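In what comes next, chain A is part of two complexes: it sits with chain B in the first one and with chain C in the second one.
And now, the complex of A and B:
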């Protein structure tokens, strides 16, 4: 085990390098799909900290994504005749959006700290409806039904937009390519921080709260405070995901941040694997790439029709498919896609070296 | 951090009611510093309720619990743990999927500081702390004899080993008072002996006060300096193990009124101890004979 400790950092570095090279080769469709997946991965890591690691169900994740997306737009836009905004420098607005989502999570945390598991799920459902109401009606901030344009991010003189042309190695880097690098620059630390939290002191406390709440509290873990803390952290992840998503969409619309989005996120962490950052990423890729693939290649597939033509639309087909995937994972793959990977690795290492039989201690020997 | 010299536990007039059911009724006893005090009684006598009050899981209706100059009743569990009160559970309460080492590291929670930010960003403080406490936890695992399982998920191990891990986790808290809820329940003879050895050794080496709930009389007689007997939520007897063994009220509670010495009045409510409790009690007393032999 220990002589292969370099393997994981090496694999992580290789994966990051691959992610950084990809935009030089991928077309618009794949870039957009990849950006959706990265944004979803960041959000799913947040939900996995809360639901997977701590056992606290949240239906309100879409609300915090909305806070991140609209927060960024509000903080970064200049005030106009109909719409208000603070006109902050965009990087500051991005950080502000994350903080804002954290504050929103913090405001909800007295409830999040006191409610356990599924009860929190029901309470957090209210956030979706409150969120939708505010998004549709606070028109000067959110733009109402039509939503708002998202001002492009500008970091160290680099605009994450198409307009000032940028050519690197003969490849023109447009908005999507540039955002891709931003996505990687957000996703990598998101994974790294989540792993640190989960493997460190807070992670052990969270896992024990999930596995045996009473044991956690008598071992000195202030259960309510940890539940509140992880709820806040998870909403900050959602805020970052929402702000990135807004930059990719270039327009925020209220419809998107409904209950289905929350359900999508729950599907991601169940399919990917509960309780780990890797699981969240795997599930996010699966759930966000699938509808895109069905849209793109729907013409060649039976039973999938173009939207509006009467058949099953690609989005619906995708929902049905990953609904089935959730069922399949629950039945056959406890641990999800990430668990499958661990299992494959365990099988491989068993093949390499036959495991010695565990010897019974002398006094445990059958008489 | 000057720890008070007197770290004894004093329970006075402890009463717990659940919606009309009185689980504990004016129970009082003291655990002298550095001693092993056993709490025994038939099933349903209120032993586990008492433990849950001492560790803050249940609230006392009346009465007080003082530990080293602090009143424990009314404190939340994590504050009581912070005072150095550790407990194990009658039924296993480990994190099944976490490794044994991580389970033990949870015991260090009250002694460590790293929060979300410092653990997430792997600040030097968190790294240093983690390294130091992992070393100590491995020592404790060796001490209790679970060091060979450190990397295994706790849930994958045999019952007896998991019981020992629970003890190790409690010891990892560096407690001043250790509450052990049936530490050898469901174990075979060899495992029981081994557990008793570890407990006795830990008490010597770490200068612990121990409160022990146990049905195994051999274990109680061997380990305890003092015994308190509960029945139907009341304290019916107390004293040294040999005194308690001969106490008529104890015999009546365990074996039923028929076995009580002639001449005591049989109407003081304990006559209700019939049914399965009786056979259970009988078996326990027999165990005693085997164990001590």
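And now, the complex of A and C:
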């Protein structure tokens, strides 16, 4: 395989290039879907570091997304008569939102560092309920029930908004197109950093904690510190995802950051494949594109009815489908979508290496 | 003073209901080491079946049907999903139950829609006054039924062959299997019992003063999670204590909302979770949970 080492970076570069070309061709619907998927991918990578690689279940991921989203809004908005804000330059606010989510994760570390696996799952459920409570009640910061408008990001003079028109190659680049580039610019380093963490020393330590905690600590892994650390890192990913999501939505509402969002993220990493960045991305695309597809093409599908008509609405159908997908993946496809890919490759290479073993003479061998 | 007594009685009564749910949760964890996040949807199944049937076949048969359906649903989850999942990592098993929960809750909330279903209980909104303190009959019934069920369960757990098998399996699965205990049957029983208990709890979560069974009922059921973990996931005593603590906290914080203005609106729903976090800070395994020690 060593002569194929260039393949992966080349594929990654090609995929990135494809992602960068897409906004010139896609319509609003696909752009928005794609942006949801990218934001979800960033968040899911974070959760996969925590749950997939370390075996620490977290039901509180939506809380950290909320911290990221509202953190950005609070830091970037100017103070008004009812709502307060710091009015920082928007790129600084974006970074601040990520740091803020990390700090929130760090503050939870006395619990995150000590609790194991599923215990942490229930404990982090508390974050969702407390988070919702704060979002509804701290009205001067969060805008309460109605939420808050999100000020558009402005980076090096480029506004991620529709207003100053920008036409490149005869294609008008609106807010969604511009945000698409921002999404790619965030997703690529997110994948890259996660791969680095997982492949290096910390990744091995995290996997050992997941597989055998005692063995890990005997080998000299500071278990509590790593658990708290990976929790903080995963909340920073969630913060970035939340801030990006806020920019796409242009308005943050507290209802969105409820328990279902956390469950969605868990579904993503299981469907995609636990413990890898690629798996998180695959699962995120699956879970965030499926409801959009069903909504868009629901009229042509059997069993799916229009919302409000009493039948199964597209959103509900999507939820049931990916709930079933979670169960099916664990039962029949351990390793998820990413695992499927590895398995296919293994089968392919077995075929390749099996060829010379057939009873053919040297000159009869297929080339 | 009478407000306080009222709140305490209500808290204890609601707490007993939470204890029922938490007990089922703990039984499943003890028997199979799976944290069952589908518990809220089992509860919803029981409540929904009771609500739909009570007009046609009367309250008690409907309740029986609800309990039976929830027990069956629990057993089916065990047979169809968990028994077949050969996964070492318990976090993954927990996520599978989340998948089941997503499916069941989505379908049930879709069926319930925006309606508020009555379960047709015989107590309705009658209130009895004992020594100047007004208490809803439903709360007395909840307390009585829950205590009865919990006592019956604990006795069965202690003295019947089923209970002994269950405890043996929880203590050391392999040794129990070698002694001829069928682990599959034990875990099947655990899931069915947990489902049945949840269905009973569904009744008492939706009677007066709650308007009835609606989409938010599964969120009410979520409060049994802090109850279970507060007491310790592997302790039946802990489930009882946890349930009572959660019930009392919720009732008192909601009742004294006026004086607790700084906590904001709806603080009663959040307080149990805050208490859980505080307890976990001091005792990571819960109040009565076994601390895991490992010898190398």
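Just so it is clear, the second predicted complex is superposed on the first by the 354 of 367 C-alpha atoms of A that agree within 3 Å, B and C clash if a C-alpha of one lies under 4 Å from a C-alpha of the other, contacts with A are read in each partner's own complex, and residues count from 1 in each chain.
The rule is short, and it goes like this: a contact is a pair of C-beta atoms (placed from the backbone, for glycine too) under 8 Å apart; a residue touches a chain by one contact, two chains touch by 3 or more.
The shown structure was predicted, so the numbers you read here are calculated from the model rather than taken from an experiment.
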{"item": "Which of chain B and chain C A:115 touches, first, second, both or neither", "value": "second"}
{"item": "Which superposed partner A:204 touches (first chain B, second chain C, both, neither)", "value": "first"}
{"item": "Partner chain(s) touched by A:222 [first = chain B, second = chain C, both, neither]", "value": "first"}
{"item": "Per-residue contact with chain A, leading partner among chain C and chain B", "value": "C"}
{"item": "Partner chain in contact with A:214 - chain B first, chain C second, else both or neither", "value": "both"}
{"item": "Residues of chain A contacting chain B in one complex and chain C in the other", "value": "210, 214, 218"}
{"item": "Residues of chain A that touch chain C when the two form their complex", "value": "51, 55-57, 110-111, 114-119, 121-123, 125-126, 129-130, 133-134, 136-138, 210, 213-214, 218, 259, 263, 266-267, 270, 274, 310, 312-313, 316, 319-320, 322-327, 330-331, 334"}
{"item": "Chain A to chain B touching residues, read off their complex", "value": "1, 193-194, 196-197, 199-205, 207-208, 210-212, 214-223, 229-230, 233, 275, 363-364"}
{"item": "Complex interface listing, chain B residues touching chain A", "value": "55-57, 76-78, 80-82, 86-87, 89, 93-98, 102, 105-107, 109-110, 112-116, 119-122, 126, 129-130, 151, 158, 160, 169, 173, 190-191, 194"}
{"item": "In the complex with chain A, residue positions of chain C that touch it", "value": "35, 37, 81, 84-85, 87, 89-92, 94-96, 98-103, 106-107, 110, 113, 222, 225-226, 228-229, 233, 264-267, 269-270, 273-274, 276-277, 280-281, 284-285, 292, 294, 296"}
